[in-house]
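These notes open a run of structures that come right after.
Next come two complexes built around subunit A: one with subunit B, the other with subunit C.
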Partner chain A sequence: MPDAGSVSGTGMRVRLPGLAALSGSGSLLAGIVLALLVLFLCFLVPLAWRADPYALNPLSPLSHPSRAFPLGTDELGRDNLARVMDAGRATLLVALPAAAVTFLAGLLYGLASGLGPRLLDAAMMRLLDAVLALPGLVVLIFFAAILRLSTPSLILLLGLISWPPLARLVRNETRAVRDRDFVQAAYQMGGGFFHVVTTHLLRVMAPVLAVNFTFLVGEMILLLSALSFLGLGVQPPQTSWGGLLEGALQLVALDPWWLVLPPGLLIFASLLSASLIGQGLLARQGRA
Partner chain B sequence: MLRVVRARLGSAGLSLLILTLLAFVMSHLTPGGPAYSILGPAARPDTVAAINHEFGLDLPIWRQYLRWLWQLAHGRLGSSYLSNQPVGAMLLSYEANTILLQLVALTASLAIAFGLGLLHGVFHARRLGRLIGTVELGLFALPSFFVGTLLILWVSMGLGWLPAGGLEDLRLQHQTPGSILSHLALPAATITLFTVPALSRYLAQSVHEELGRDYVRSAAARGASPGRILFRHVLRNALRPVVTLLGLSLPTIFAGGIVTETVFSYPGLGWLLWQSAIGQDYPVLIGIVLVIGVLTVLGNLLADLVNGLLDPRTSYA
Partner chain C sequence: MTDTVLQLQALSVSLPAHGGGRLVPVLDALDLQVRAGGMTALVGESGSGKTVAALAAMRLLPRGARTSGQVRFDGLDLLAQDERRMRRLRGRIGMVFQNPLSALNPSATVGAQVAEGYRLHENGSRAQARRRAVELLGEVGIPDPARRLDDYPHQFSGGQRQRVMIAAALACDPRVLIADEPTTGLDPLVARQILALLRRLQQSHRLGVLFITHDLSIVEAHADRLTVLYAGRAVEWGGAGRFFAAPRHPYSQALLAAVPRLGQAALQGIPGRLPDPLLLPPGCRFAPRCPHHRPPCDDGYPPALGDAVEAACCLFPLAPPVPARNMNVVHAPPAGAAARQDDAALLALERVTVRHPVIGARRRTAPALQEVSLTLHRGECLGIVGESGSGKSTLGRAILHMLRHDGRILLDGQPVADLPGPERRRARRRIQPVFQDPRESLNPRLRIGDALAEPLRLGGLFDRARLDREVAALLAKVGLDPSLAGRWPGQVSGGQAQRVAVARALAARPEIVVLDEPTSALDVSTQAMLLTLLRDLARSEHVAYVMISHDLAAVSWLADRIAVLKDGRVVEAADTATLLAHPRHAYSAALVATAPRVQDGAGQVAAGPVRLPSPPA
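Entry: the complex of A and B
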């Protein structure tokens, strides 16, 4: 069954199938530039623009962008630029570790299944089917509603939702490689198990893994933003891009375009960047 | 084929059983619970105890779970903590709204993706193909909650053209088709923008691959016109992966865009899921997860079976 570009049944997708629009290096370059811009805004601009994202200015609620407030203020008069940057740090500092957790979980599960005895492999793949039977976002909402998550448990939960596709990929790659001559030769020459796995198996898989990690980062940013938009992700008073958008939607009758566009465009830029980098890597590996 | 069906259903049944069990245990280990959702945080302990008794929440977890399974075997999913309505009936009425919305969105998506994908596939190396590819890439990175908020901000509030949410016009005694369609327009557009790029890319990839095959060359050598080759020969084969994709998106059709429905307060299954999650309405929550899980499995199965019909080589013996 093809990976239909759909990570979970509810339409959280990061990976666009098929023909790429840009050349590999162009796509990669554009993606990296975009990622650097987002990171620059979230982590370096705050060093120069030191407004407090939580300070109230009751005298200037919902003011349009101006010299004093480059992105305007929200309904409590809080500086929107400072809030967008703060929200960006919160979003990325949850999404990136979550992507790492997902990546590790998928990698270890796939390796164990691929290298283990036949019976273990069958059992693990059966379990994987069981996990895949449910759309990720639904499960995520379900658990987030029951548990009311703190940041570390949010990272863990996000990380434990999306690993199955990667695990299956790693397992299949491992199965394909493990009986090849160069792996057997490495064993014959006295290479230990961990040596063979790390220097031979993983090195062969590295390009595939890099692509998948890139897509995972995008997926995590999207999932977290959607969850926060629904009020179940990053909890107040801490903001996130999804949370800012949800707040702006509440005020939509007052036409607060300066509250809607910045967080929305930043999520867009992050997802586009992940998509571009992933496709660029794929194209460079000649598999686009 | 029967064996595959049985194995699939078995593993899906197992996963749903595990998930509901887990949900039961977790929902009863957490502080708060439905009594506090109903009464608020300042509830008196004896009122809480009375409510817990009424819903059977004072029983041991394993007995509650067995009771729930027993009821499920009789086709009952319990009743909502918040509205006290039976969960089964609630699911049906919200489901009908979701299917209506998704069918409208799907029709629009298929029409647009068909044209776009065909053009992209045929002209993929030219400027037109690259342009379409770039548009797809951009659409693909737009989250539906951002698109939905923008549509409300600009079309609904700014231009005042279409209603921003709900399904019914409360000023009308009887809903007219026009009023319902106007409520469907923005959420359907949001879902369409979200679905088109993947569908269209998929078709494009598939058309591109098929155009390179030998039968295309021999058809051309026999003097078949490009239009005939494209529509009579290529399209028939190229549509197969698209059917798979549609089968895989069946659960989305039934479960609805959770986020989109929430943005537009559209009374569908996704919105109900969100409402029950926020209100910790566990019977409804577990019921929805169960339904979506079953539909996901059936959708995947259906996609495989239809593919088997379209291409006997992939069918399960």
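Entry: the complex of A and C
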């Protein structure tokens, strides 16, 4: 008879000690740091670096980075660092409110659909499908081409085409939560509609909502950059990161890397930070 | 013993802790034998390690688990086999899981799933596999198996699905069947049928059955051997007859006393909770909860129990003659049933009918509730029993006015549905629910204190200090520590969460509490304490209960009157004592006959063969 042996499970998995931390609070921290860096550059550095983003320096067009122009100049000799920071402000001041508008629209639409009677829900979901079927970017281009877009209308327009996915998510979450026993109990103890929404639905959905808001911010930055790249976003003379990239593309034959890299990296950094924060929140939620 | 087909020897298992790399011991040196043609029951509450034992025997534990000891099957140590041989051997050991709906693939036909094992292990042709599947389904008592072969799992009832699972487990002529809580979640009558089926197979195939359950009463009539697990360690093992007549370990005894039985005067719960597996007590693991605890218990276990055929892992096993239990099946009048019938009904249901709307379909469906008329008096407890699908939960929700219904529901003579808005809200507050699943009934993102404050706030109390006082008083009322107010629902046990749910229901100062299967998601020991609490609260709070359950014994323990529901109709309503002594309807009689009852002596078992008035579900 063989001795009572010791057998481990069918396989071994290598465990990297740092990986677990990085996937949770680590990525949240990294995302927040990155976001602060971007915000710092766009909103605080301009207080120290007071170069005018619109001032032309005809004597030094397309100059390489130097002490006078840390990020070089563009083809009209404008200070590129000042331009990047100014474009960042323009980008974020459109993208963040647009994300907020989208978020609110999606939340309210989703709640109404999820809590409403079945017929209303069906109608609202079909309408949502219709909006979702429209190619968002094409609609944006259409409006941008026929209207002169002010910043508020740009914000509204971005929100208008981006709310459906969130609305559907909120509606489905609402449907899943609204028949749960604790919601029934809340109605039974005399709670009204408003009470149930604030005390129960929003609380239960809070983590999902937070995660989706961060993703929305990233999405808005990307959408605005794409729009600006097509020349339809923030209107000249103001520009955005996407606009800067588009401008640099015109001169690509001259290889102006100092014009391409900074806006490109900043778009990348803001998307990455939004994504990291979202992932971090998701991981925390999974642990809780 | 030569006819032992499956033997666990000193089987220990540790599982990696969630997230971290630490190993948590979950099973400690379990010895157990299953004989051919015999049934060994492995009994334990949740967290005792019983499912882990089954998975370890099948080598199906998650990665990273550490196992030691031996699992001997057919002369082989299963733990020493390589994965390829193990896969072949698994066909010889059938496994039946608790929830057949998740164990069966919803998108494959039942026939294909029953034959899956056969095709994998015996390499039969498609036609052979089909024939085998028909044969197997017939064997487990599925009527007209050839026709049902191409049906999908959702077209079968819960009991039938479990039969299908058993058929699939039998596909390769196993010598051992491991059944992990196969009857949990089934109605008591259906559960008995499944057990009778297992017993028949066990005899006709000389099949050894390892039956894993938390429910002592269900194995009472069928197991020949029994092992009780507590916190990963076997505390008592031996022949079932001896065990039920005279349990020796205090935990076994407490577990037996905690099962509600017809005719029982007092239920005895087990206070406390399972020890944390990382902080096990140094001596007996049950010592912190043991009523017979003495100092040496903290030092160790009795020596040399390892190969004893019958033993209790206890330094001070209880003497064989068990303290006399209630000998006569007499219904103890609960709560104080007397002198309530004279005043007017607090709640009256008049020909209440509920039809569930069917989405999309035009066809008429049978109403979930048909012309139910019932009354409830102040301070009374009305029990509603019935199988799943009988409409008992629908009835509960109709009383709570959560459903649209025909007929009238009168509260103090007033039809609640006809009241204007604000008054209807006030009326609804007078009826409060306690739901089955305590996890579902508490908002996971609301601290317990806030959950209890919610009904108080809605009642118009906003002063922080007074709220805190009231919450503490509520927690104390249900026997919980006021410090629990700061915890999240996920941080308390199921039993504690259910007490919180009871406290929340009471916070609205209701006159009626609708208890919908309040104990069925709880462990036996916790269940007994909750029932006792409910009975005490009925007295101190002067509330009337509507208690809905499929467990007649539990209901009869609490209820003054019982209504038996079948197919949406009340088939019988009577005083508890009358119903238990002289059930008039055949269905009530079957329920009464199968409910566990207080035994009148050693080894004699009350539950006889089951005869159902209707074709088996």
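Please note the rule applied: the second predicted complex is superposed on the first by the 264 of 288 C-alpha atoms of A that agree within 3 Å, B and C clash if a C-alpha of one lies under 4 Å from a C-alpha of the other, contacts with A are read in each partner's own complex, and residues count from 1 in each chain.
Definition applied: a residue touches a chain if its C-beta (ideal position, glycine included) is under 8 Å from a C-beta of that chain, and two chains touch if they have at least 3 such contacts.
Here the structure is a predicted model, which is why all the values come from computation and not from measurement.
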Touching partner for A:Gly191 - first (subunit B), second (subunit C), both, neither: second
Subunit B versus subunit C as contact partner of A:Phe182, first or second or both or neither: second
Touched partner set for A:Val252, first subunit B, second subunit C, both or neither: first
First, second, both or neither for A:Ala206, with subunit B first and subunit C second: second
First (subunit B), second (subunit C), both or neither touched by A:Asp129: first
First (subunit B), second (subunit C), both or neither touched by A:Pro237: neither
Per-residue contact with subunit A, leading partner among subunit C and subunit B: B
First (subunit B), second (subunit C), both or neither touched by A:Pro58: neither
Shared subunit A contacts, counted only where both subunit B and subunit C touch the same residue: 2, 4-6, 9-11, 13, 20
Interface residues, subunit A side, partner subunit B - complex: 1-2, 4-6, 9-11, 13, 16-22, 126, 129-131, 133-135, 137-139, 141-148, 222, 225-226, 229-232, 242, 245-246, 248-249, 252-253, 255, 257, 260, 264, 267-268, 271-272, 275-276, 279
Complex contacts: residues of subunit C adjacent to subunit A: 9-10, 19, 21, 59, 61-70, 77, 79-80, 83, 400, 402, 425-426, 428-429, 431-433, 435, 437, 440-446, 451, 454-455, 458-459, 490, 501, 504-505, 507-508
Subunit C-touching residues of subunit A, taken from the complex the two chains share: 2, 4-13, 15, 20, 180-182, 184-192, 195, 199-200, 203-204, 206, 287-288
In the complex, subunit B residues that touch subunit A: 8, 11-12, 14-16, 18-19, 23, 26-27, 30, 120-121, 124, 129-130, 132-134, 136-138, 140-146, 149-150, 152-153, 157-158, 164, 194-195, 197-198, 201-202, 204-206, 208, 241, 244-245, 248-249, 251-252, 255, 257-259, 262-263, 270, 273-274, 276-278, 280, 282, 285, 288-289, 292-293, 296-297, 299-300, 303-304
